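Below: a set of structures, written as structure tokens.
You will see two complexes here that share chain A, one where it goes with chain B and one where it goes with chain C.
Right after this comes the complex of A and B.
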């Protein structure tokens, strides 16, 4: 017999970025989704929105992140939520969690990239 | 797991308190409200002034309230274009007694609209570096601003941190903090980007259109009162009012008290004295002098407890001979120091007195006689002008 379960209480929820926005204008909401066993994530399955992330820098060259820190702590601490890597990176940068290893890798790649660019550009001048 | 948590709300509050504490007296700079361009205070004394404390003292507040004036018809309850519709004007036939009571009630209501904007020193713009992590330098080309959008955080104690491109994490500057408040907690008429009217070409336009009150109301809604931008903006507006002698634009609004205080703390009374003299308000002139002397107490220049308004003004003019040129409307340049103010009072009061219904003709006559006696006593001269005025008036009366 089919059993109805409450997705908010079932299993291990996960926190991830949900892409909103429109064409050529990405915007992410940081959302809590139900357990993977209940199927793929989709917009209607969002349990709670706990923040937002605007990946396009504004005119002050800032990327804005909003975090509902109390709720994020609740989902991670009490509900043992699984946190996706992009969100872990953001939480690391915010100082709430240790910096994610991927941020270190990204930083090294970017610096290497810029260094090689400089080396390539120098002979031209 | 939590290697370095964000500041808890309690810590943040504590840090805020520490930030907003006045700096130690040896390090404190002169108050931001002292403007060397218009100030007549000696620099040593200006250094010691604590504008916030002086402004909140009950004596000063009382004098400022008195000086603000309450023009119910033309200023406070005038028709304005606002989003919430005003009550329509209501016409009623009433007895004298009820009329007086109604006016009293309206005066009380008006006090609600005349509460002063708190006068503050500009806040400290320092930030605190929380972590420096050189290994992630260059992780992105732009900095990240993290804002806590918890339900119970208020605009003042909200946590806002910035991860710089070089990998260091710091608390946000107050400017960034306010901007994030505007981004995530929008209010009507509080746009994220500062409105152009607060900076110069458009600011001057607004002032030319005589929209001082609208501008200042919007500014104090848009900025925090201790925002350096708010303080510099209000100083600019006040300076331009003083330069154009356009005190009427802010008279009997909630901003007038601050303007009076600004002039008094800079010891630059002549423009305002002239303004009140032109209105023919002797007692206001005296209150202004009282205010100035309570801000800078000096036993040699103290006001006696039985001094009349007239005597106070007379003394002030004598003590400040350097203002003789500027005090044109209060004191004329010849030896008759107080002639000017009497001239102001009589010339403005006389036409109004003649048609004022509430004042009987006898009252007018008494007033003029008093003024004349004052003048002749103070100057030891029989001034032809005043005599002429009196003669005209008695003729009119007969």
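Right after this comes the complex of A and C.
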């Protein structure tokens, strides 16, 4: 028999990025989704929005992130929410959690890339 | 030309058989041939379909993989302890009266206070509105009274004017023609006929044409045109 359940209280929620925005203008909301069994198919299945992330750099070359830290703490601590890697990276950079390993690796790769580029661009005497 | 033993003149693909004849051996098969339709002979395998785009992520460098392993372990451990930390934090907050329940209670209290304040404000506003309404009503009443006053005044003025007019007309009506004095008036008119068919010159003198007569004798002259400038009268 089918039973109605409250997606807010059922299973293990997950925190992830939900792509909003429009054509050529991505914009992410950091959202809490219900248990994987219930699916994260619709906008309506979002339990709570706990932040936002603008991936396009603005005039000051900043990618803006907004976080509701109190609520994120609640979902991570009390509700044991699963957090997706991109959100973990953002939380690491914000200082709420330790820096994510992938962030380290990516930073190093980028540094190496830029260094090699500099060496290539130097004029040969 | 074909009788010559040398074959150097032959075109490519042509073979000399006898002394005098040559035929085309190498056919031009395949030129201008379309690929056959699917399922028609010669049977060809169906073309490849691309159902979805498969993303092949770049492989991590081996040294990165090695580093990621220990970093991941430490990170996961840290996250596990941080989770515990957050749970304890929320428990301690609840104990010190800063938890969710306390916050909810506080919010409910605040909401009640806000509702009371809102009610008070509404009552105050209602009173103010009542006063304003009374003032507006008085103003409107005054306006209506003024309007009535002005209308009555205008009516009285019109009545006075009309009365004066009527009185003058009544005074003039002694000269009017009525049934009683009709005969008398007719005779009077016949005795003193008045002709308004005349012109005036610059000096204001009357110039009658034709000259009016008291009793018309014979047929009256038929007027063809009016001669305005009487100075031309002699010439005509």
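Operating definition for what follows: the second predicted complex is superposed on the first by the 120 of 125 C-alpha atoms of A that agree within 3 Å, B and C clash if a C-alpha of one lies under 4 Å from a C-alpha of the other, contacts with A are read in each partner's own complex, and residues count from 1 in each chain.
In this text, contacts are C-beta pairs under 8 Å (C-beta built on N, C-alpha and C of every residue); 3 or more make two chains touch, one makes a residue touch a chain.
Here the structure is a predicted model, which means the values were calculated and not measured.
Once the two complexes are overlaid on the shared chain, A:63 sits against chain B while remaining clear of chain C. Of the two partner chains placed around the shared chain by superposition, neither chain B nor chain C is touched by A:116.
Once the two complexes are overlaid on the shared chain, A:51 sits against chain B while remaining clear of chain C.
Once the two complexes are laid over each other on the shared chain, residue contacts for A:101 go to chain C alone; chain B is not touched. Comparing chain B with chain C, the partner in contact with more residues of chain A is B. In the superposition on chain A, A:93 contacts chain B only, with no contact to chain C. Residues 97-98, 104 of chain A lie in contact with chain B in one complex and with chain C in the other. Touching chain A in their complex are the following residues of chain C: 60, 64, 67-68, 71-72, 75, 78-79, 82-87, 89-90, 100.
If you check the complex, the residues on chain A that touch chain B are 51, 57, 61-71, 90, 93-99, 103-104, 106-107, 110-111, 114. Of all residues in chain A, only 73-74, 76-78, 80, 97-98, 100-102, 104-105, 109 touch chain C in the complex they form.
By the touch criterion given at the top, residues 1-6, 130-131, 133, 135-152, 159, 161-163, 167, 169, 180, 183-184 of chain B touch chain A in their complex.
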